[in-house]
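The following blocks contain the structures, represented as structure tokens.
There are two complexes below, and they share chain A, which is joined by chain B in the first and by chain C in the second.
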Partner chain A sequence: MTRTVEGGLLTGAAVLAAFGVTLVNLAGGGSLDARVGLTFVVMLLAFGGVHLAIRRWAPSASNALLPPAALLTALGLAEIHRLDPARAALQQWWLLIAAGLAVGMLRIFATTRLDTIRRYRNLLLAGALVLLVLPLLPSSGPIPIKGLEANGSRLWVLIDLGITEMRFQPGEIAKLIVVLFLASYLAERQSSLADRPRKVGPFHLPEPRQLFPLVLVWAASLGVLVGQRDLGASLLLFGAFVGMLYTATGRPAYLAVGGLLAVGGGFAAYRVFDHVVRRVEAWISPFEHFEGSGYQVAQAWFGMGTGSLSGSGLGLGRPDLIPNADTDFIFAAIAEELGFAGSIAVIAAFAMLVAVGFGIALRSRDRFRKLTAAGLTWVFALQTLLILGGVLRLVPLTGITLPFVSYGGSSLVGNFLLVGLLARISHEEQT
Partner chain B sequence: MNRPTRRLAVGVMICFGLLALMSTWVQVLAADDYRLDPRNARFNLAQSGKERGLILSADGVVLARSDPDPDTPGTYVRVYPEGEAFTHVVGYASLLFGENGLERIYSADLRSRRDLTISDLIAVILGRDLRPDNLQITLDAQLQRTALAALDGQAGSVVALNPQTGEILAMVSFPSFDPALLLGPDAAERWQELVDDPARPLADRTTRELYPPGSTFKVIVTGAALQSGVAGPETTFPDPAEFQLPGSDSTISNFDGDVCNDGASVTLQQAFVRSCNTTFANLAIQVGAVEIGGVANAFGFNNPIESPWTIATSNFPTSQLSDDQAALGQSGIGERDVRATPLQMALVAAGVANDGVVMNPYLVERIFNADGVDQEMAEQSPLRTALAPATAEVLTQLMERVVTSGTGRRAAVPGQRVAGKTGTASGPGGQPHAWFIGFAPVENPTIALAVLVEAGGNVGETATGGGVAAPIAAEVFAEWLNR
Partner chain C sequence: MPELILTLLRLIFLALVYLFIWQVARAIARHLGLGRSEGGSRRAGNRVVVVRSDSQAGLAFAVNGATVIGRSDQADVKLEDPYASEFHLRLVSQEGALTVSDLGSTNGTYVNGRRITTPTALQRGDALQVGKTVMEVR
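Now for the complex of A and B:
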């Protein structure tokens, strides 16, 4: 696939988004209006911008990264427009901001290689921890940066700019920084972590000194769980940590212990937090709890079942009956209106993006880049699996966004940067 | 380091596979379970705003239509131009409260098959018609309006049908309500008001409410007496002012507390025309519960009638009365546990009018598509044979005398031969239900009806079938016969 084909596919995605908005307008009894053209232009500017930036500053980068991301963004934009046109307009601004940041990042790494990051490893760790703590700031007071609580979790930060307010979820950026930190740390200490000179009872352990920064990340994810009462974000951080530890050392024991800790932590959360209890109820028996905790999942399943093979058509279903349809449950909304065909398209696009990411990791010769690529892909995949698995009832629901598809600016920014980083890594491997 | 990465990748891909499997389950294999779950509001919601077919009266008046919604292009609003007059027949199609009446029963025909998806295109290519079908019903709008006006604001009902075919010509239940109330933005409040209204406007007093039929039931007792040979029109009975019920301290007296004829003897014909309770309590006991029950069942009592929808089953407790003569005496005058819907009593009149054959009542004449081509036509069929033609003939003579010289004189229509029977049945708080059943013209009956005015109507405790219900019947007969 050449760069030109990539450009063609991105244009195709822009057309798809505009077409989706058109269908939504027509189904609502409206007609072609400025929003159709605007959607097309914004999509073209965002993905075309990143595409041109790659052409210029990372010409050898993989050209299979942007098209699936563009397809997902296009489907997301159309569905958000269908659910809430005002939010779709906001999301388009975020799309431009996210693409702009990705372009900026590609520009920075055009002259300084990704390796430079490794010099600022401790700064990265500190930055990630600060970002994670931000939502715990008091929600009122003199500080212009305030923590915000929503749906029982404290994940948001509100920046009071005087003239306007901005909300974002620092966790979406923090997860990238944590991956970069872990990659840099593990690339150096890989052998010392794989060696386990210490013996405690039947267990072989690495030197405690080697483990310290890792314990810090683990504690941070626990802190997120307790302080922000959010299972999703905490699971994502902890999952990134365990997955990368395994990738770096090749020791399945890390996976096993990590898995046990995750289940244990989840169980502890179940005992402590009411909203976790409700989510488990909604997972196991949503239809028995239709009047309460299960309503959202049950409505999502009613919608998906009604959508059946070919869906109701964009704008013709009733995904508005599903609470939070434009964020956590955007997949159910797409499945209802675009049917099984649409669901499989979304799942396949994610699988493709993840496969490309892992491919970049496997082909990387440099240890740091390999770990970064694997870590970024793994975090991206884990987030996708957790939320899709939650909607499709493979795991309990955790309130996190579906990358590129859900409404949400921070998520869009984080995932554009993630794909930009993967592009950069694949470029550096070729040069 | 590539091996763990590869394993991680394989694990992730397996999970994506599991997601695809779950998606297949929800959206393909088990999709119908979730789609058709009664808690899934999507189906009803999808119907709201869609075009529905016309419902027309027999004389071509639009009873229900769909107009384009001026606020939301591409959607429709249901309009009921006749307001409250047809509510209990036509029903309503409401988003919040579902469908009722013909709107519910013929919903599949009345619904547009257009769903704005690719399947529309396929259907058009295959030459299928997506437009909704329409109903023409048997009700005569003018007769319906006349009947409603004749009730004059009194709670009750009028059911009229063609005794020779079973076509229902008028079916009015009052109090009623305008179905438009249930379609507006404040439908939920209006609904609650209707539910809470002590006048019970939601109740269908033609087919879903049961009342003691009172003396109109004497038509059945007389039919059973004639049929079984126990008595003829000239058979004489004692004429006491009070009839002592056997095996009981209770007595039955006549309406005015007086003797029926001369205090010595009275013929069956005189007793029928004057509606003497003493004679009929006596006669019922002589005829027996089994004979009376047989005739009542043949008219439709104790059997569910499914047309046009499930009618509340009228009751004559035959086996219970077989060994309780006192109760049988009271049942002979349509009291105690005897209960009937006005539709059932209209069928009794219709059966007598049609030489003893009760025709299956029906409401929908034809279903026709958007091009006016008939899709389905009503079929006329006998429900049951209730009486031998000779018995029906004698009963007709007796019923004509009720109108010419008996309790039903106010049902008379100048220049027409009308037959009927009045009834004054015990009602709540001493306010009697007033009944009239009858048919006309006697020589070739084209209309049979039942009129019921609940709980004394505008008159109260002194209401009688002859005084309150018979004049309503006269107005309906006149409208139908003097065309």
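Now for the complex of A and C:
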């Protein structure tokens, strides 16, 4: 695909977003208003900006990355506008900020190659840990940076700027930094981690000391689970690491051991934490706990059930009955109002992004870049699978956002940076 | 707003979404296809010439399909180099692109001075080194 085709597709996505907002307005009995034009302009500015930055600073980058992301953002904006117009306006500001940060990052890496990061490996680890611990700061007191608790999880940080406050989830940025750290760590240890001198029956086993980093990250993600009571972030952290270990060594044993550790940790969490018990209740039998923990999941099922083939139409369903429909449950809202067709389109766009991401990793010759691309794609894919699976009741619900679609500034920033990094890697591999 | 128009608009919206996905999918497919037949200046040649060797300098051969190079008599192209393995590397020419893969050789295969670990695409002018023998893609 040429850059021109990419630019055309991005304009198409902006048109779709504006069209979606128009449909919402028409369904509500309103008419065309400034919001429609504004949505179009914001989409064009955000994705056009990143597109131009790639043209200028990473011209050999894959051009299949931005269009699927733009489609997801467009559908997300339309659905958020339908659920809460005020939040949609906020989300558009975040979209511009996220795109601006991605452009800035592409500019920085245009002069300093991605490899430079490897020299600051320990600084990266320290930064990621600080970001992960930030939400545990006291929520009141003299410090202008405060931790914040929402929906039973403590993963928000509130920055008091005097005039106004800013909230964000540092975990969204931390996960990218963790991937960069792990990639540089694994790029050096690849061969020793792949050795398996010990043989038990038909199985080759890695040396116990090789499992040490695996256990360490497992403990760290359990720490996130205990300290912030956040199932999603901790699963994501650990899953990304196991995925990267597997990518680095090609040993399925790591997937098996990692899976066992995750199940074990999850079971222990189930025995210890009330909020995990509630999540499992809502997953196994939402209708028996309809008045309590199962309400959200049950409402989502009603919504998706009424969606049928082409949905009720934007603005014509009742996704507002689902608590948190614009964040965790945005997929249920889309499935209700755009039906089976709309939900398959969303899944297809995610599948494309993941395929392109792993494609970049496969084509990379440099170990560090290969592992970074693979790790970023693992994070993206796992996050999508966990939240889609949670909404569809295939796995217990984990409170994480659906990338690009959900309302949420930190998530949008994190995902724009993720796509920007993938673009940079694919550019460096071509030159 | 009459319901019929809303329904029509909804279907048009969904159709546009799928048109978009179809275009992206086509673009990705074309993008993947590009890698194999780039055309123009980046197109690899399929002739390989030995440019530095104790006894075989000037030896030239064309790669059509797969060609195995090594010290063995059974190799398609036999190298008289004590540092080459019996079956050292394989060259594959497919749709105008030349790829080299190392066949687990003892001393490794170097493309432009860098040891390769995975199948590597070759371009015109690339230097391919096995032991003390240097070959060039033309």
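As a convention for this text, the second predicted complex is superposed on the first by the 408 of 431 C-alpha atoms of A that agree within 3 Å, B and C clash if a C-alpha of one lies under 4 Å from a C-alpha of the other, contacts with A are read in each partner's own complex, and residues count from 1 in each chain.
Note that contacts are C-beta pairs under 8 Å (C-beta built on N, C-alpha and C of every residue); 3 or more make two chains touch, one makes a residue touch a chain.
Since the structure is predicted, the reported quantities are computational estimates derived from the model, not experimental observations.
After superposition on the shared chain, chain A has more residues touched by B, the comparison being chain B against chain C.
Of the two partner chains placed by the overlay, chain B and chain C both lie in contact with A:27. Of the two partner chains, neither chain B nor chain C is touched by A:404.
Using the contact criterion defined above for the overlaid structures, shared-chain residue A:238 touches neither chain B nor chain C, since it reaches no partner.
Look at A:313: by the touch rule set out above, it reaches both chain B and chain C.
Of the two partner chains, chain B is the only one that A:350 touches; chain C does not reach it. Once chain A of one complex is fitted onto chain A of the other, the partner contacts of A:63 are limited to chain C, with no touch recorded for chain B.
Contacts of A:109 after superposition on the shared chain: neither chain B nor chain C is touched.
Of the two partner chains placed by superposition, only chain C is touched by A:75; chain B is not. Chain A residues 27, 29, 310, 313, 316, 339, 355 lie at the interface with chain B in one structure and with chain C in the other.
Only residues 27, 29, 190, 243, 246-250, 287, 290, 298, 301-310, 312-313, 316-318, 321, 335, 339-340, 343-344, 347, 350-351, 354-355, 358, 361-362, 367, 370-371, 374, 377-378, 381, 385, 388-389, 392-394 of chain A touch chain B when the two sit together in their complex.
Remark: chain C residues 1, 6-7, 9-11, 13-14, 16-18, 20-21, 23-25, 27-28, 30-32, 118, 120 touch chain A in the complex. Note for the complex: chain B touches chain A at residues 1-6, 8-9, 12-13, 15-16, 18-20, 22-24, 26-28, 30-35, 37, 39-43, 45-46, 72-75, 115-118.
Chain A contributes residues 1, 5-6, 9, 12-13, 15-16, 19-20, 23, 26-27, 29, 62-64, 67-68, 71, 75, 310-311, 313-314, 316, 338-339, 341-342, 345, 348-349, 352, 355-356, 359, 365 to its touches with chain C in the complex.
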